[in-house]
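What follows is a set of structures for review.
Shared between the two complexes below is subunit A, which pairs with subunit B and subunit C, respectively.
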Partner chain A sequence: MDALIGAQLFNGLSVASINLMAALGLALVFGLMRVINMAHGEFLMLGGYLAFLSTSLLGPAAGVLVSLLVASVGAAVAGAIVHLLVVRHLLARPLDTLLATWGLALILQQLARDLFGPIGVEVALPAWLSGTAGESLAADGDGLALPASRLFILAAAAAVLGVLHLALRHTRLGLAIRAVSQDRMMAAALGIDVRRVELAVFALGAGLAGLGGVLLALLGPVTPTVGQAYVVPAFLVVILGGIGSLGGTAAAALLLGLVSALAQVVVDVAIAQLVMLLFVILFLQLRPEGLVVTRSRALDA
Partner chain B sequence: MREPARLFVPEHGGMPRAAILVGAGALALMPAVLGPYDLALLGRFLSLAIAALGLVLLWGHGGLLSLGQGLFFGLGGYALAMHLKLAGTDGAALPDFMVWSGLERLPWWWRPFESPVFALAAVVVLPALVALLLGWSLLRRRVTGPYFAILTQALALAFVTLIIGRQAVTGGFNGLTDFRTFLGVDLPTREARTALHFVTVLLLLAAWLAVRHALQSRYGLALRALRDGENRMRFLGYDPLPWRLAAFVAAAVLAGVGGALHTLHAGVISPAQAGIIFSIELVVLVAVGGRLSPTGAIAGALLVNFARDRISSAFPDLWLYVLGGLFILSVLVLPEGLAGLGQRLRRRP
Partner chain C sequence: MRFVAEGSARGPKAWRRLAAGLAALAALALAGCGERTAKDAAGATGPDDGATVAVGVLHSLSGTMAISEIAVRDATLLAIDEINAAGGVLGRKIRPVVEDGASDPAIFAQKAAKLIEQDQVRTVFGGWTSASRKAMLPVFERTGNLLWYPVQFEGNECSRNIMYSGAQPNQQILPALAWAREQGHRRFFLVGSDYVFPRTANLILRRHIEAAGLEVVGEAYVPLGGTDFSGVVSRIRASGADIVFNTVNGDSNVALFKQLSGAGLPPTKLPVMSFSIAEQEAQAMGPAVAAGSYAAWNYFQSLDTPENAAFIKAYRARHGEKATLSDPMAHGYLNVWAWKAAVEAAGSFEPDVVRKAAVGIESISSPLGTVRFAANQSLVQPAHVGRLRQDGQFEILWSSPGPIMPEPFDPLAFPGQSCNPG
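Entry: the complex of A and B
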């Protein structure tokens, strides 16, 4: 039973890290523009397919590393296009952006179905990702086997979180993003090009999702609807984490991943999903603003 | 950045009585004109229109976008389908799919649905109760806007996952189908179909009148005021909770009734009529027809679904592109839908 709980905790951590990769972009965009991008899952899907293409062209060993770059840049470009064509025009109507981006998600899913077929594609893992760490523990039959791919996902998510934190704290763009998030009008008055910051953040969020797509391709097949499976938990992470705080988002991803994984020790996946949702709703009873609250004097933050 | 205040032009006199009579008359004539397949199709779309009316109230005028109306549609549909399934067992103790799954006794929570009165009551009460609980816990803490949309969507997803995961007692992915009789009437007969059509039209008419009346009353005014300036209303001494909760519950009940009727017309209820995609398709019906206009929502439900029927039978792969495009265009170009377009054209001299 202890090994089972240990294994579930570890699984919870790796699911949490993919949820985090999906949620970081959503949270950045939501914090800045109050826009929920329903096509965000499709950027994950795009990243997954780009990983598939890179590994098929370059072989698994080099492909995975190259795909990290290709997928994040590719998804970021796609994100920039989406922002310029659709999202930018709807900033005053957040609920409408939600609908328009959902329409976009449908189109992208059907496009993936037409290009790659309705059945998923598998990304070939390089040798250094397909083993397990801790086999010595597993030898006695009761220990933990930690798949290398899941350890890699964990490390990658932690690295992204760290880099993003430093970038937001110590770069000019990061300063601009924080300024616009806090007070859009004031930032604009101080000469920050708000529109460019918004474009940059949308592209950055999409790029992070593309990176997340590579990570989820390491775990299982990439299908046209793979993004949908991850994006609903990612939305819950954003809500639970609160607006405008990376730390809150990360903590929420961790918390939800663990709640869902531990619930699965006792009940099946279907109930675990319900438990996760009820947990979020109950949590909002205590703290409607989420885990981390950014205080401001504005009435309508 | 908030939704800009929109002037609402109530449909006072905007809809000539003659047009309403023509519409209702045309619907009444349909059983004489259409074959059984098309009549069932129309019945399904009219059921969807009833659910769409709820979104006009909740989303268009209340500013609360529910992406989980499929949950309530499904609750209504399943409540009635459970009774239909039990009524059609031909004296066998268990519905067929439970026998296939190796069940030996009827689950306790299926038992009450042997009574048609209980099932019909559940069609209304079940969605209302769920909406009351969920709405109270969210709206009480002023969880609105995108948060509300996401949480309702997550609940619809959880509901569907639960149904699919518990195949032995819910029928799973394939849902419940193969209904024979309801209240002693053989369902597939022409007479039963015609009667069902008239019941649907009457309920749609009642729902349309009720929603229109609510929107033109002081209640509708308060709902719109909360949508456009919640804080001002609070400073004026209004508590947003009861007004919004009423809209959420009413929309849930309309969705539940629509779901039950849809089950009768389609002869099946499955997770496909409860999930995320179905829920958001309900929203697009309203977006295309006009989120502020009850008449527009009905027109949107009929137009979009007939278009879908034609397009997806001719070019099956094309439909999702069209649907996705409809979402984007209706939001970018026609934020008030066809009804808004009609109004704009009429106002132009």
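Entry: the complex of A and C
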């Protein structure tokens, strides 16, 4: 039982890092534009399929590393296109962005179904990602097995979080993003090109999702609807974390990952999801603004 | 107040619109009737014109099940064309009416009724998921028509209006258990997708494992399409299982196998026996992910018989040299031949006469080998255990000594029930 709990603590971290990768982009976009991007999951899917194409073309060893770049850039470009063609024109109408991005999600899913078929594809892993770290640990059934792929995802998520934090704190774009998040009109008055910042953030959010898609593909199949499975927990993470706070998003991802993983020690996956939802509902009853409360003019308005 | 005034002001206009709409609707209905009677007139000469006989082919051609079911439709149509080329049935050509069940049980029921009542088909070949079969069953019982069902299933059902050619649990799951026991496996972990087939299959497995004095060390379910097996894998590790019996459906298997391998338990170290991975699924997912795992079916493409070689050759001539064949396709194919044999034995297309004749036929030659239908309208057929190779084909490790009699109701899990369609 102790081994099981230990394993589940690790799995909780792992699930948290995946949810975080899915939630970061969503949180950025929502924090800045108040746009709920229903097609966010489809950028994950796009990243997954780009990883599948990269590994099919280049082989697993080089493919996985190349796909990290290809998927994030590819998804970012797709995100920029979506922003320019659809989202930008609907910014003043939140309900319409909701519907338009949902429609877009359906279109992208069908496109993937037509291109790759409805059955999920597998991204082949290089040897260094498919084993466990420390075979001696994994040798007997009681020991703790740390899959290399999960360790890699954990490290990647931590790195992305760190880089994003530094970028928001210490770059001009980061400064502009924070300024627009806090007070759009004042930022515009001070000469910040709000539209360009929005474009950059939407592309950045999509790119992060694309990167997340590659990480998902290390654990499971890439299917046309893979994004749907991850976008709901991602929404939960964003809501639980409190809007407009990276730290809150990270903490919420961790909290939800651990709740659902530890619930699985005693119940099935389906029930564990139920437990997680109940937890979020109860938590929001007690703290409606989420884990971290951010004061912002945009929110006050 | 203002609202009411506005409404009444709009009144006459609205009425006019409504009247226009009704008129249009009536016109449409009339046109529809015209079309319908024209079709019926054609239909009247259709099924019984002495030249052709209409049969329904009802599979999902769209939606999530399409990838699996389109192949079964193709195998069914292959058999129909072969029979037509050889002169048809009772001197008539078979005229297939193909419909799309759209991966939706309600649409399956609706299309089954359409095929029987409008197209007046004499029998229907189709269905895949148990949900689609359960939805169609009342339609076939009400109309007295006959469905030929090609997929392995959980048993526990017995209708005189269905010919069950897919494996009953004792023709797939239990032979696999017997084989695993022979191999010295003692501690079983049962994992499945959360729906009727895995739940029922695992109930039957559990009863038989416990009756044999072996141990079920864990049982876990993941929602259909779920990809998070982290908890399941931890439980498998902690349970000390020496084999996993897997009824996970579809591409969730990619996640299961990947996460098992990631936790240091590839199929070479911890054997996995799957009941929902055939050649088609392995090919679509990428066979490498589950290579080395076991599967139990009544048919493998790698079966080395002249009948199977002919089947593969004929199918590939139409669908390309790389086309993959699998168990449900072979069943879909043999169902048409079995229907032909039964019609000829009965000398009639009448469904009720055909089904009675079908169970009296001594032997039907098929890609599976020689099979026949038992009195309970399920197929008497052999079972095999295979190991998935890197190329997506199965190496056959074990075959049942002979054909196995089908048992729709497992005596341990559902005692006291029997199936006598009469």
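As a convention for this text, the second predicted complex is superposed on the first by the 294 of 301 C-alpha atoms of A that agree within 3 Å, B and C clash if a C-alpha of one lies under 4 Å from a C-alpha of the other, contacts with A are read in each partner's own complex, and residues count from 1 in each chain.
Here, a residue touches a chain if its C-beta (ideal position, glycine included) is under 8 Å from a C-beta of that chain, and two chains touch if they have at least 3 such contacts.
Remember, predicted model here, so these are calculated numbers, not experimental data.
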Subunit B versus subunit C as contact partner of A:Gln109, first or second or both or neither: first
Subunit B versus subunit C as contact partner of A:Leu168, first or second or both or neither: neither
Contacts of A:Leu125 with subunit B and subunit C, given as first, second, both or neither: second
First (subunit B), second (subunit C), both or neither touched by A:Val265: second
Partner chain(s) touched by A:Val73 [first = subunit B, second = subunit C, both, neither]: neither
Touched partner set for A:Leu254, first subunit B, second subunit C, both or neither: neither
Subunit B versus subunit C as contact partner of A:Leu95, first or second or both or neither: first
Partner chain in contact with A:Val226 - subunit B first, subunit C second, else both or neither: second
Subunit B and subunit C contact sites that coincide on subunit A, given as residue numbers: 268-270, 273
For the subunit B and subunit A complex, residues of the former touching the latter: 1-4, 59, 63, 65, 67, 134, 137-138, 140-143, 145-147, 149-151, 153-155, 157-158, 161-162, 164-166, 231, 276, 280, 283-284, 287, 317, 320-321, 323-328, 330-332, 335
Subunit C residues touching subunit A - in the complex, by the definition given at the top: 63-64, 66-67, 194, 220-223, 225-228, 230-232, 234-235, 237-240, 250-252, 254-255, 258-259, 261-265, 281, 284-286, 288-289
List of subunit A residues in touch with subunit C within their complex: 1, 3-4, 7-8, 11, 14-15, 117-122, 124-125, 130-132, 135, 138-139, 141-142, 145, 147-150, 216, 218-221, 223, 225-226, 229, 261, 264-265, 268-270, 272-273
List of subunit A residues in touch with subunit B within their complex: 30, 33-34, 36, 86, 89-100, 102-107, 109-110, 113-114, 184, 228, 232, 235-236, 239, 268-271, 273-274, 277, 280-281, 284-285, 288, 299-300
